[in-house]
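Please find the structures below.
Next come two complexes, and both contain subunit A; in the first it sits with subunit B, in the second with subunit C.
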Partner chain A sequence: MEEQRLDRSGRVLAAALAGLALSACEREERVMRRDPPVVAALDEAALLPGGVGGAEPLAHVALGKPYETNAYEIAQGKRLYAAMNCAGCHGDGSGGVGPSLIDGWWAYGADLPSLYATIRDGRPRGMPPYRQKLPPDSIWQLAGYVQTLASYSAKTAAPGRDDAPQTRPAENRAPATQAPLEPPAR
Partner chain B sequence: MSARRLVSLVLAAASCAACSPIQSALDPQSPQAESLHELFWLFVVVCSVVWLAVMASLTLALLRNRSTASEATAAGSRTPALAVGAAVVATVLIVAGLTIASFLATRSLATDGGGLVIKLRGYQWWWEATYPAEGVVTANEIHLPVGRPVRMELSAADVIHSFWVPQLQGKLDLIPGRDNAVTITVTKEGVYRGQCAEFCGLQHAHMGLIVVAEPPAAFDAWARAQAAVAAAPTEPEAQAGAALFQAKACSSCHAIRGTAASAKVGPDLTHVASRRSIAADVLPATRGAFAAWIVDPQTIKPGANMPAIALEPAELRALSAYMTALK
Partner chain C sequence: MNGTEGVRHPRGRDLPPEERERRLRRIWDPPRGILGALSVVDHKIIGRRYIATAFVFLALGGVLAALIRIQLATPEGRLLGPDVYNQVFTVHGANMMFLFAVPVMEAMGVYLVPLMIGTRNIAFPRLNAFSYWIYVAGGALLWIAFLLDFGPDVGWFGYVPLSGPQYGYGKRADIWAQMITFTELAALAVAVEIVVTVFKQRAPGMTLDRIPLFVWAMLVTSFLVIVAMPAIMIASSALILDRLVGTHFFNPAEGGDVLLFQHLFWFFGHPEVYIIFLPAVGMVSTMLSTFARRPVFGYLPLVMSLITIGVLSFGLWAHHMFTTGLPRVGESFFTASSMAIAVPAGVQIFCFIATLWLGRPVWRPPLLFVAAFVVTFTIGGLTGVMVASVPLDSQVHDTYFVVAHFHYVLVGGAVFPLMGAIYYWFPKMTGRMMSDRLGAWVAALVFVGFNLTFFPMHVLGLQGMPRRIYAYQPELPWGGLNLFVSLASIILFAGFLLFFVDVVRSAVRGAPAGDNPWNAPTLEWATTSPPPSYNFDGIPVVTSANPLWDDPETLPVATGLRVDRRELLVTSVQRAEPEARESSAGASIWPFLAAVATTVMLIGSIFSPWAVVWGSLPIAVALVGWFWPKGAPEDEA
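Take a look at the complex of A and B:
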């Protein structure tokens, strides 16, 4: 009788341990399809006049800020960075025709709503608008990726590594610790 | 399993063997696939004989009476010779099999030119086919002339894929940063199906390739039609679709030769309606399928790199009419 009880409690313990182990098994969620109304709501960033700074769309907050914290979304942004030829102006991130994205100087804001507005609406002196070229969720992915290039505080999520040799610090590996006080000479 | 279920399974297998398969290595249609087919049967026969021999000796050993001690010693003294003999036979079999296999593999991988070159590039999750001499760029469906060696040059844009049309040749990987090549000579007209054979991500299973083998004259006509730029649509609805294609996000990824759209991120759509299927052989190339794919690609192929674009119903109708007009 005593042995049986021990046996049963052992089994319960094993089941509990297995349950605990399995609960840790869940991968980071990849959301492939967002409902069209959610995508439309993602476009509603409340920007301050001037288009720099502002509040994130409520939809992004309600989703748990996936474009800031989800590795899949950031990796999709990295794919879009190549596909949309961002490198044509910004190079590998260290700049070219366009400004550098990794020197810690964000001319139009380093927060996600500002980055989103920069890509969606374009900026003076050459940044084209992508409003008609990408749907809102894709622009968010791109904004999230660009932010990982030189965010002041490292995110917990990072995109996949490059296949080619790195020509700059890997994303999210060497965040700009301090904003420069002056814009870099260009 | 009940006897009746077993019988019906056997019958089903027999009826499948009789039908003409669209994707089967047991129905070779090129010398390259033929040699793999021979190799397959050679392996089946050799392995069957070995297996039967092993089973027979096992049965003999099980059925034989427990012998007396003296017999056991006698048998024990014979064992080294037997074991050495078996080892030698097995080694000879394996070496012979490997030699034949490597000979046939080398032959099927031989890449001597045959005039026609097709560059096949793997993307997540579709195929881009370029015919440099003919000036053709297409996707997910390639046409080959019967009886003419075709050199397939394989490359990949993102991750490793594998080109496999079971009726035409064995698998060969498409590797980023490394160019592989294989020569195929199709001997019989027909429509064959290929499949990515190296796990390449979420939609690996939905990365199909249609191969159409046709007489040289039909192939030349096809290549001429495919090399032409897209015809301007004539119907008003399709014309509206053409304007939308340029104004909306479609043109930031897809090319339609003859228009301003020239992006190389997604498949070239210049003659998309002339193909048998869309989305890497997931849907037929019908107007309804075009509309379904445009409005909600992530339900049809979750994870595919085509985003859903917000469209009004009239816009969707116009775009699907335009796609259908791209013959």
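Take a look at the complex of A and C:
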């Protein structure tokens, strides 16, 4: 009897530790270079007609959705935001020539596949396509990052703060904004 | 020294020896059972645990070193990826510095200082227990995080901005910073205990000029810890604040300063080197005197050089930062001071050589390690003078030349003496001798293996191989030497393996040691091996610097301590004249509980600032339990 109880509590403990280990792995894992077939598979987002909304690529789900839950991937997206001069149109996120990314109004969808399509294929009225400039995994990093600027629910992972003047609210505010929203007056 | 008025407490001198021993054992012996093991406050048991734990961390860090050497043995090594390699070298460095080198030196002090100065327990024994548990928790934090693939990956000194909020994603850098908080807390606690123990608990007659050199070294080291460690705790706490609650200590855009972190780190980091090295000097002086069969040459210059190094060590931290663009005047000043510290270090080396020269050396294992120390440390000191000069340092900064240099001073300057010290004091700690034959083999393997492994790294550094690279291309001219280094490291690993084998073998069935197997002069050899829980039957009275040599037949003792409660003799700072009988705290579970509560708070504060608020409550409860008034007077003058 005693042994059984010990056995069970041991198993519970082992399961808890394993769960902790797995969650830690996902959160902190850093894949510096994905295998080319995986990168290719990440391009297979099944978008609805019109390019807004749809299903994520199976590869993203199979990887454990790193572009939503992994701090490293999201932070890489932040570096790409600076490197690809997103700020040229969107400013620090609060908008400029292009629309604001922090007001919670996503004209072409707030979900990751839509954001992915927005960056990859571009959108009417000025958003250029980036499919020739970035590989799919980098576009996913960027999409994951942009989503944290005004997500409706907080993620478990966040990019780091900039060592720069703080000009806008932090990413991953919980919640940043709440739907439904009014479209911005432009 | 009379008891409280009207009450006659039993004193040791009134009792026959067997009855006295029985009563002393009853009040000093540690409690039994698991709860008892967690409540122990005996400095010998805690010191032994500390030393054993530190050597476990040494072995774990050695495994990481082996991984590094396998990875770099050939060009484009494929054992470790870049991310894992970053974690491996960071955890190797942080582990060796914060979890092995400093704690093991402090631990030797915890075990030996009270015995060498003839007292019954360390000052603040419960703080001592608390310190050990905090240290274990800090070590577990680092290693569990590493095994779960989020070990720190920012290098052992964790410079911002790499470890700051912008580039240090996730919680990895927080693990590093909080591990530092744990180990520095533990080290500060021990430092305070050792200072008080040395100043106030020395045996009667042990004036300042009769203090054994190891005790002097631990005293100076403890002051270094007390002055240096707060700087790093500020740095690591400010880093965590930057990362967690959005302060801007190290953010230049908001008025912070990136270099401030380096200044704070190295204001601790350079004395840290001497925190590791000075106890080793003390060990070497002690062992030399025993095996050269004469008092150490130049006691006064040696003490003075210990203190000089301690003071100077705070004036040269910026030589780690020559490539950050300091003002020229600053660079010149720190070059001069870095070279100046070679003077007291040189005085020590010459005193050691003179002791050997004038004595009749007995080449047992501890002395072999001392010889290995003198040669290796001198080479490391010479490259130290080289990298103290700005033009050369600018050239070799962050190359394998620096890697070679600091392994020469740390392994040569501290690990060799430490291994000798284990051979020397193992009989005292366990009652059994280690093997002379295996000891000679260990010394030879480690000395040869070390030099073959690390000397070529100087050349690799001059050829331009940067430190911390996880792979190099076959076109680069580093392949041959790297393969040689990796092969040579097998000899070094074999030496360490043999050392551990000898320790385990001797602990189980080594030859019985007797009280004083080396015929050594200091007080720890005046009691049994291993010492009883109360250390000394009667408190020794010291009349010379080498009490067991100058008066081998009869060691005078002081009597009058009570045998119905834990009591120590408190003496004056300079002349060690008896002043009072002080009670010494008994076993208690509260230090353990306080350490658990502190651990929960510190780890929680990586994730949420609220953990500091709510985590303080259990700590407060534990401290109230710890300091609950007993109603008995603490001392009787």
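The criterion applied here is as follows: the second predicted complex is superposed on the first by the 154 of 186 C-alpha atoms of A that agree within 3 Å, B and C clash if a C-alpha of one lies under 4 Å from a C-alpha of the other, contacts with A are read in each partner's own complex, and residues count from 1 in each chain.
In this text, a residue touches a chain if its C-beta (ideal position, glycine included) is under 8 Å from a C-beta of that chain, and two chains touch if they have at least 3 such contacts.
Quick caveat: nothing in here was measured; it's all calculated off a predicted structure.
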Touched partner set for A:Ala71, first subunit B, second subunit C, both or neither: second
Partner contacting more residues of subunit A (subunit B vs subunit C): C
A:Asp163 touches, of subunit B and subunit C: first, second, both or neither? both
First, second, both or neither for A:Gly104, with subunit B first and subunit C second: neither
Partner chain(s) touched by A:Gly53 [first = subunit B, second = subunit C, both, neither]: neither
Partner chain(s) touched by A:Met32 [first = subunit B, second = subunit C, both, neither]: both
Which superposed partner A:Gly91 touches (first subunit B, second subunit C, both, neither): neither
Contact residues of subunit A, present in both the subunit B and the subunit C interface: 30, 32, 163
Residues of subunit A touching subunit C in the complex: 20-21, 24-25, 27-32, 71-72, 74-75, 157, 159-166, 170
Touch list for subunit C against partner subunit A, complex: 81-83, 148-150, 161, 164-172, 243, 246, 250-254
Of subunit A, residues touching subunit B in the complex: 30, 32-33, 36, 39-40, 76, 79, 83-84, 130, 132-135, 137-138, 163
Interfacial residue positions of subunit B with respect to subunit A in the complex: 176-177, 202, 247-249, 252-253, 265, 296, 298-299, 302-303, 305, 307-310
